[in-house]
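Report on one structure; see the data block that follows.
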Amino acid sequence: MNPRILPYVLILPVTLFLCLFFLYPFVLVSKQAFSTGAGFTLENFQDVTSHWKFPISFKNTLLLAAAVVPVQLALALLMATMVNGMGRGRDLVLYVWTIPLGISDLAAGIIWLAIFEQSGFLNSMLSGLGVIDKPVSFLSYQHPGVVFLAIALAEIWRATAIMLVILVAGIGLIPKEYYEAAEVFGASPWKRFWRITLPLLRPSLQTALVLRVILAFEIFAVVAALGGTLFPVLMGETYAYQFELLNGGAAAAIALIILAISIGFTLLILRILRVPKGASI
Amino acid sequence: MSEATVDAGPDDPRKAGKFVYIAAVVLLCAWVLVPLYFLLINTLSSPEAVNAFPKRFVPEFDLGSLTFFAGFEGMLVALKNSILVAAITMVMSITIGAPAGYALSRFDFKGKGLFRLLILLTRAFPLPLLALPLAVMFIRTGLDDTVFGLALVHTTLAIPFAVLITFSLFSGIPIELEEAAWTLGCTRLTAFTKVVFPLILPGITASAIFAFVISWNEVFAAAVLTIENRTLTAFLLQNLDTSPLHLKFAGGFILVVPALIFIFAVRKYLFAMWGIANR
Amino acid sequence: MAEIQIKNIAKRFGTYQALHNIDLTISDQEFMVLLGASGCGKSTLLRIIAGLETPSEGEVWIGGRRIDHLPPKDRGIAMVFQNYAVFPHLTVFENIGFGLRMQKMPNDEVTRRVERTAELMHIEQLTGRYSGELSGGQRQRVAVARALAMEPDVILMDEPLSNLDALLRLEMRAELKGVLAESNTTAIYVTHDQVEAMSLADRISVMHEGRIVQAATPVEVYRNPAERFVASFIGNPPMNFLPATPVKGGQWSVAGQMMDGPSANKALEFAIRPEDLKIADSGLTAVAKVVEPLGAHLLVTCAVEGHQFRAVLDSDLVVKPGETLTFAPLADRVRWFDPDTQKAVA
């Protein structure tokens, strides 16, 4: 076949597929959000944002992302650096650390439910140590802080692995000579991390942060499993509008709000961590 | 760096550092494994034990919970649906995605940048949200509440990864090998089947498994798009408020098992895949 | 008969012109080397002949058949790649037999030919191995054997020895020359290594910035460079150049010294190879700057009226930096170039 046409033939299926199931529904969701049946309107947005639950779920979503993502970043960086210097056992440790990568948010929620529920392992441990006499109902409205903590822990537990993988791959791309050179010039391990690893890791940090932040705004099943209605988040509201209130327009409006936040943060991360032209490895 | 620490003398201050290092590694491993162990205890205990207090910290190896799970109305169907959707997603995302990955790795063509942008965009968008309008579209086309309909959405989720991973895999095969095959009597197609495909097969398998897990784990779109034909995740989500604890834990355990196998199967490729998919 | 004719071949990558309308004829069974620095277009030209690259203009003929529109497999060529391109998932035997299998050749014939070529390349012990178990030199042998097993009309080689270490390269070079001389195929060989080119070629095409500046026998290219570029590229160290001003019919002043030369009436460049200089009582006056004893001879880098000037001298001589030397050029080895056209002037 003509080599000029061939690449287009090869990308045609994906392009068609994405047009049909990505771009087209995206247009639909925008249309739905901006209309109530007759013409362009912002009514759906006014509806959802004026609802009493919106500010709470908005705040909760952002708060959760703000609490979870930095911890994950620090943890992933720490793990990646630790793995980097490891000789024997590296593969095993990496396998263990990346297990959560394949675990769904729902399963992660259920796993942490086993710890935090009333007859769960946390209560069992605390009563075994004599700290409490009878099991505490942690995941209830009396303990909003614990609910938040449980959700945050489950998220950190589950989704640090994806950052770890991206960062380990990124560190693997940094030539060892740079470290050796820095060491010869007298840089301590700590200095080497700040002066070499971090700056050269910027492309990977970008990817990892963008991916994580976007997913953090989409948090849904972990919250459903652990907090239920105690801890409303944006994605849960979307689900509720669609199913319980059968209000597609409102669901679409929240969906677009989540999208807007995601894009905003993506651009911000790309801007902060941009690599000057020609300064990449 | 690590070798230097190993050789350190007994009084070396580095020895303390080494100890902290190992302790941290063990601690982080425990951080991942202990919650999984708790789930295992709950799964391998009788329903009574799961709901009892305080909890024992060793499993009693009772299959009561799992039997209850298997006997629960609609659960096995949901499990079957999950497997079916994930399998279709796996096949579709690779057959559709791999040619594009090949095109990206082998050709320079007008619009290549635009195409890559489209792929990256899909990865940067909260895709499950698109399930909402698709629900309407599917009702019109009769795809609503079908395994295939959901698989289409999951394929959209998995395709960016399939394209980027196969792109990096194909880029790892030197073009010289293909050119050598051409000069030795192969057409583009036979060079692909005789040379590229055998070399790429393990990597393709890994990315197929990746697609499987993406679908297997997806909750939101599954919950939005299926009503009668629930997948396991959708079924569990729907019944979170009402189902007993032992059912949740057994269900959670079944959800986790493929993840363990998946990470083990693709561990060799995990980092190579992301190393280039980064760019 | 596999005469190769390259007619008016041009190649553009976007706005970049990689090849400027090249014409070249390579006769049957000739060993042609394309020599040039990286980026000169030599590999592009080879790949156009192989069918791995499409020319922007022009035609390629092999054995009286126009082939530039055919896919590589139908051109009657075989190719040896720089990185060998030995298929990692096949054994050495299957690698060598790959092309024959593609032609649906019967099994016993494949075995016969593979065994013969493996023996020819001294790898008959390795036929059961995979490429990961071979050294670089062994992979190189497999790559050549795979090409030879096809019994092609034309064998194309793209820097096949550049990834080998120096000693191995020397050994493979001699072997390659012997094997190809017996095989009766026409060969085109791309390299940036002038020693390799000199040792292997029947004819060398020196390429520069997408053009062939000279196509001639190794001795001719060395002795009579057609352009200043060739003179400055071939030879290690390359030719010395000094500005020359005409005095009167055929008499030239070079660094204050009178010399006989062509009868032109404009400034020219005088050129002489460093080994074509003799120490004499009168001649070009030079001040030695750096003295490098290289074992077989002595390389002295000097300055002649501010111009860099190298001489290769007998290793028994003792020369100290700062010493003034007087050189007499061998008269029949002196060449002249026109600085405007860059061409040689007779």
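Per-chain residue numbering starts at 1, and chain names A, B and C are given in the order in which the chains are listed.
Keep in mind that, in the parts below, a residue touches a chain if its C-beta (ideal position, glycine included) is under 8 Å from a C-beta of that chain, and two chains touch if they have at least 3 such contacts.
Here the structure is a predicted model, which means the values were calculated and not measured.
Visitor: Can you figure out the chain closest to the middle, judged by Cα centres?
Guide: B
Visitor: Going by C-alpha centroids, which chain is farthest from chain C? Tell me that one.
Guide: The most remote chain is A.
Visitor: Find the geometric centre of each of chain A and chain B from their Cα atoms only, then give the gap between the two centres in Å, rounded to an integer.
Guide: Those two chain centres are 15 Å apart.
Visitor: Taking the mean of the CA coordinates per chain, how far is chain B from chain C in Å?
Guide: It comes to 53 Å between the two C-alpha centres.
Visitor: Measure off the straight-line distance from the CA centroid of chain A to the CA centroid of chain C, and report it in whole Å.
Guide: So the centre of chain A lies 58 Å away from the centre of chain C.
Visitor: Scan chain A for residues touching two or more other chains and write them down.
Guide: If we look for residues of chain A contacting two or more partner chains, we find 3.
Visitor: Report the residues of chain C in contact with chain B in the complex, numbered from low to high.
Guide: Those in contact with chain B are residues 50-52, 71-73, 77-79, 81-83, 85, 87-89, 98-99, 102-103, 146, 150, 156.
Visitor: List the residues on chain A that touch chain B in their complex, please.
Guide: Against chain B, the touching part of chain A is residues 1, 3-4, 6-11, 13-15, 17-18, 21-22, 24-26, 28-29, 32, 78-79, 82, 85-87, 91, 93-107, 110-115, 117-121, 123-124, 127-128, 135, 157, 165-166, 168-170, 172-173, 189, 203-204, 207, 210-211, 214, 217-218, 220-221, 224-225, 228, 235, 238-239, 242-243, 248, 251-252, 255, 258-259, 262-263, 266.
Visitor: What part of chain B is in contact with chain A in the complex they form?
Guide: 1-3, 6, 21, 24-25, 28-29, 31-33, 35-36, 38-39, 41-42, 50-55, 57, 95-97, 99-100, 102-104, 106-107, 109, 112, 115, 118-119, 122-130, 132-137, 152-153, 155-156, 159, 163, 188, 213, 216-220, 223-224, 233, 236-237, 240-241, 245, 248-249, 251-252, 255-256, 258-260, 262-264, 267, 270-275, 278-279
Visitor: Taking the touch rule as given, give the residues of chain B at its contact with chain C in the complex, in rising order.
Guide: 174, 176-177, 179-187, 190, 194-195, 198-199
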